[in-house]
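Chains: A, B, C and D, in written order; residue numbering restarts at 1 for each.
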Amino acid sequence: MKKINVAILGAAGVLGQRFIERLENHPTFEIAALEDVMVGKRYEDATNWRLGERMPAWVKDMKIVSTDSLSLTDASVVFSALPGGVADKIETDLAKKGFFIISKASDHRMDEDVPLVIPEVNANHLGILEEQRKKRGWKGAIVTDPNCSTTIVAMTLKPLWDQFGIERVVVSTMQSVSGAGYPGVPSLDIIDNVVPYIGGEEEKMIIETKKLLGDGKHDANLKVSAACNRVPTLDGHLEVVFVTTTKKAGPAEARKAFQKFKGLDYPSAPSEPIIVTDELNRPQTRLDRNAGNGMSVVLGRLREDEAMGLAYTVLGHNTIRGGAGGAVLVGELCHGKGYI
Amino acid sequence: MKKINVAILGAAGVLGQRFIERLENHPTFEIAALEDVMVGKRYEDATNWRLGERMPAWVKDMKIVSTDSLSLTDASVVFSALPGGVADKIETDLAKKGFFIISKASDHRMDEDVPLVIPEVNANHLGILEEQRKKRGWKGAIVTDPNCSTTIVAMTLKPLWDQFGIERVVVSTMQSVSGAGYPGVPSLDIIDNVVPYIGGEEEKMIIETKKLLGDGKHDANLKVSAACNRVPTLDGHLEVVFVTTTKKAGPAEARKAFQKFKGLDYPSAPSEPIIVTDELNRPQTRLDRNAGNGMSVVLGRLREDEAMGLAYTVLGHNTIRGGAGGAVLVGELCHGKGYI
Amino acid sequence: MKKINVAILGAAGVLGQRFIERLENHPTFEIAALEDVMVGKRYEDATNWRLGERMPAWVKDMKIVSTDSLSLTDASVVFSALPGGVADKIETDLAKKGFFIISKASDHRMDEDVPLVIPEVNANHLGILEEQRKKRGWKGAIVTDPNCSTTIVAMTLKPLWDQFGIERVVVSTMQSVSGAGYPGVPSLDIIDNVVPYIGGEEEKMIIETKKLLGDGKHDANLKVSAACNRVPTLDGHLEVVFVTTTKKAGPAEARKAFQKFKGLDYPSAPSEPIIVTDELNRPQTRLDRNAGNGMSVVLGRLREDEAMGLAYTVLGHNTIRGGAGGAVLVGELCHGKGYI
Amino acid sequence: MKKINVAILGAAGVLGQRFIERLENHPTFEIAALEDVMVGKRYEDATNWRLGERMPAWVKDMKIVSTDSLSLTDASVVFSALPGGVADKIETDLAKKGFFIISKASDHRMDEDVPLVIPEVNANHLGILEEQRKKRGWKGAIVTDPNCSTTIVAMTLKPLWDQFGIERVVVSTMQSVSGAGYPGVPSLDIIDNVVPYIGGEEEKMIIETKKLLGDGKHDANLKVSAACNRVPTLDGHLEVVFVTTTKKAGPAEARKAFQKFKGLDYPSAPSEPIIVTDELNRPQTRLDRNAGNGMSVVLGRLREDEAMGLAYTVLGHNTIRGGAGGAVLVGELCHGKGYI
């Protein structure tokens, strides 16, 4: 089968690097173009490679291209790792030209006619694409996936929402430094320290969760609170979750709901999207972030809670499930559903 | 004025070291005896000194003594840094013999006739000592102060409780490794990691908070949830707090309540027990833990909260305010009120 | 081909865990027995598994056995991850009974008739085994491999020694906490800190290097200095090396010698034992420790040195190349040479 | 006594902040002007204050000024915390205008007629100022102090040099992230990592050491090697030192030389510039960096060395002794000697 050529926007950054890692030897997609600001440079020379494994040899000599020079004959699908703010216009222009954009940027996430998708959670939201194309007169399209911290908790809220309903959720996060990109968080700010604030993050968690749990037209009706904290870890966001369900649900019933939550049949989809653990002191950031090849979330400390009803802790890999891995899975879903 | 001689139990541990630091040049108390397991050794030889400042010269040659050999003529007041479990019998025995014990151990905290005291919060609970002595037939007494994580949040709950009432509180902590003593947390467990569980800690936060906010006879009637996490910081516990007050209180009213919360007139008491900050990204563990000589808590990110009503973040120094400093302040209070 | 059954001594510790990891699906060896102090327990219950990947399922139900109960019909080869001091007698007793011991413990390393082997460096030292058996009247044997920090630098010294001779070497190390086992280094000792001393480590580097570079009978004649430091990293020892060669050698000649240093043809042997890098700021502990599946060392910053002649920096994985991986490679060598 | 008004160049950076900290309540100097790029802003608004203690209240409302607007009537002495490269022209221009510059920048350090001074080491080098002024026709002057890593080791080399002579020195450093300023080292680069290279640092250590130990006209004749490494610590540079002295010196003789090394009688000068410790595992970065109010260096692990003769480990505070504190002491020296 001929593979589908794809371009990566923002390819030299940490998130762009993860895209390259996740798309290496991919059965459906093939990297055909790498976009970033240092146009014309060899990828190796334009990049401060930050992943543990060495840069793949085949990518070193690829030349960085500009968005203007991208052509549909080169690549029809675009994974965007552009920073928020920058992404808006570039993605819109490319979608007009006919590119199918899968974006990690926040700029279009809350547009009414742009799907915000976690494949296991709300694949049906892709249906809105028809309206998007009609309304905007685009040949291409924009699909987004959520902020990393939202993705991790939303995967665990979905089965509760479907089975019991949710009145209110309180989330407190402990997020890794890779979430801020590179150079990102200065070491002077985070060694022996916790920073109790990440700009825009709490708002994203609140509004994106409601869109994700909604029916694709209207947001879900629940109350969400979030406190986002940066801690001295490299990868993996750990989130403490307190939930009041509409229909009372004890830990045993919640566990069943989590375990019944189904994996999809795509190359990047983990067989077990939510891994429930009984070990008292798990999930731990360093030990569990690579579960399911970085695509599962690990849920533990599930217990009855005095003030809210139900409490648990969940961990996910922010730059894989909450980053490039999640977006690639969205791409696979779009391909599987015939949108690509 | 002649100073009051005091003994320290568990003097060689990290908490014992903090007691020595906080009692150096104290206007009321004078260290007369150091107890620990390595009886007979010089203090310097028995101790792996872990504080940033060097061990004071005068303490190096003091000989470690056993609890059996403690005599009332040497020291009538005892600060106990004993580990939970070990403390129970030793403290009881010493109280019988006439010693006035101020204990950091959890063993007697929840005894009905033992005061659990944060001086700014519930000094009046000391009144129960009369009953304790009568009932137990002791000449001495046991007074306790709370677990470190409880102390920090309880100081901020008190003004809300008094002014608005509290229905429910949800707390998620990010606690430093010094909270586990020495050797405590192995570095292999915590570098680039978060551990989402600290044995017994959540239960303590729930029951102690209710006792502290109670009237001295009965626990306060509110719902408390806690999730306790260990993060890679050295000192300082950061706690995210969500509160539903009985009478609705916005951030502005809460702020006023926090700022009116009064400091006491004792040597270790900070003039501002709760420091409220408006900087978006404060309090931070490393930058704020020494506020008020380690005896203030720093509260920030005060905001309206969708799911619970009110949210904020508070930081305190776990081995000073939540440890030796807090206990010394209890001692000063007991002295000021004539119990010592 | 029938695999050779092996036992692991000290199987529940961090090093024992690495042995299990490295021997999983091994073409020659099959784990038949796990020894540790908690005799009779299921392996899963006896172990605080500290590696990033989860404990393999097949090992969970294996029962911990005692050294007394080990029988030659169960396993004829023994990998020892015992602590120094404990290893001496147990290994001797087992060798008497006929077991072939490959030991990571330091106890027998410097015995004249015990080979201390890095397969790429001094495979010929195995010849001394004949004398060992004759002299000691053993059916079994003891082979050792070096201390982790020694292994890493010795691999780079060997090609220099062979080609140019070495007069003096100065090594300053920056070692990870996993080198101290588990629980090992308390987090209070190492967060935001460097500890400039590791008990016994410098002596081992000095004497073991001389034995490794010797002819199997006599130590090599060179001067070695070492300063061993503990830094806040998890895995990987970084070592700064200054060398005065006997025959003058510039960086270009040294580079050729390093690159000609040959890999062996065994399952655990990396094709490139010494990877030379030109990137100015490499090797880095976290980014390079897994090179060659953790079995290569990465050498960089090769340069002329004013005071000593030649300088470079080398990194190796302390619990893989310097630990279980290195010992498994010794086992493969012994098997390949017909000793097993 | 009327204090001398001083200006700080680069006042908003981390080093500038340290200057403010060290000059608060200084008996001789008074801060009269703060220079940085955000001209016109209040100091508080222009600064991301990174020190543990809060920004002093009196400094918050000072307005940032430009170098052009600095006038001799405001401040005649200038402490420069400018970055290398930027400093060259600005400092030259100000010296021409009559300002007395004490600079932490490297730009003029190696100029023949510019003194490079550690007060305890080579106060006599100030004599060259006469030549500087004559040759350059300046009313003002430029005095520099060394790079942080150089300062720390040079203080310990001086007594050895004077008493025994030195043939060769090998230094391997473990440097904190604060050495790179703010934002400086990205946390993604240094958590769980060591970086074996710091641009320009090794060259500075080599050439500056020779100038410092020279007679003020000619460099000292010794061989110096350096390897500079960045480790995950906040403050404090730990340096492993191997020395071959000209006249043989054992550890006992070296210790005497270190202990005889005299402190000066200036406000910032520590009574004991070199603190020698016998504790096996000291100096440690976090525990010892504040010795002598951050102005002493702590030397330990003094021992005979097989390859080089003598070995030891020394620690100093890089942004105090190796930074603002060192420069303020140079200012005090210049004032004491009548140059200011």
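What we mean here is this: a residue touches a chain if its C-beta (ideal position, glycine included) is under 8 Å from a C-beta of that chain, and two chains touch if they have at least 3 such contacts.
Note that the structure is a prediction, hence the values are computed from the model and not measured.
A.B. asks: Which neighbours does chain A have in common with chain C?
C.D. replies: Per touch definition, common to chain A and chain C: B, D.
A.B. asks: Would you identify the chain whose Cα-based centre sits farthest away from the centre of chain D?
C.D. replies: Chain A.
A.B. asks: In terms of C-beta pairs in contact, which of C-D and B-D ranks higher?
C.D. replies: Of C-D and B-D, more C-beta pairs in contact link C-D.
A.B. asks: Roughly how far is chain A from chain D, centre to centre by C-alpha average, rounded to an integer in Å?
C.D. replies: Once rounded, the distance between the two centres reads 47 Å.
A.B. asks: Calculate how many whole Å lie between the centre of chain B and the centre of chain D, each centre taken as the average of the chain's C-alpha atoms.
C.D. replies: Roughly 41 Å separates the two chain centres.
A.B. asks: Multi-chain contacts only, two chains or more: what residues does chain B have there?
C.D. replies: 191-192, 232-234, 286-287
A.B. asks: What part of chain D is in contact with chain A in the complex they form?
C.D. replies: So the residues of chain D touching chain A come out as 14, 50, 177-178, 182-192, 232-234.
A.B. asks: What residues of chain A sit close enough to touch chain C in their complex?
C.D. replies: Residues 52-53, 191-192, 286-287, 290-291.
A.B. asks: Considering the complex alone, what residue numbers of chain D touch chain C?
C.D. replies: That would be residues 168-170, 172, 174, 191-197, 199, 206, 223-225, 227, 229, 231-234, 238, 240, 242, 280-287, 300-301, 305-308, 311, 313 of chain D.
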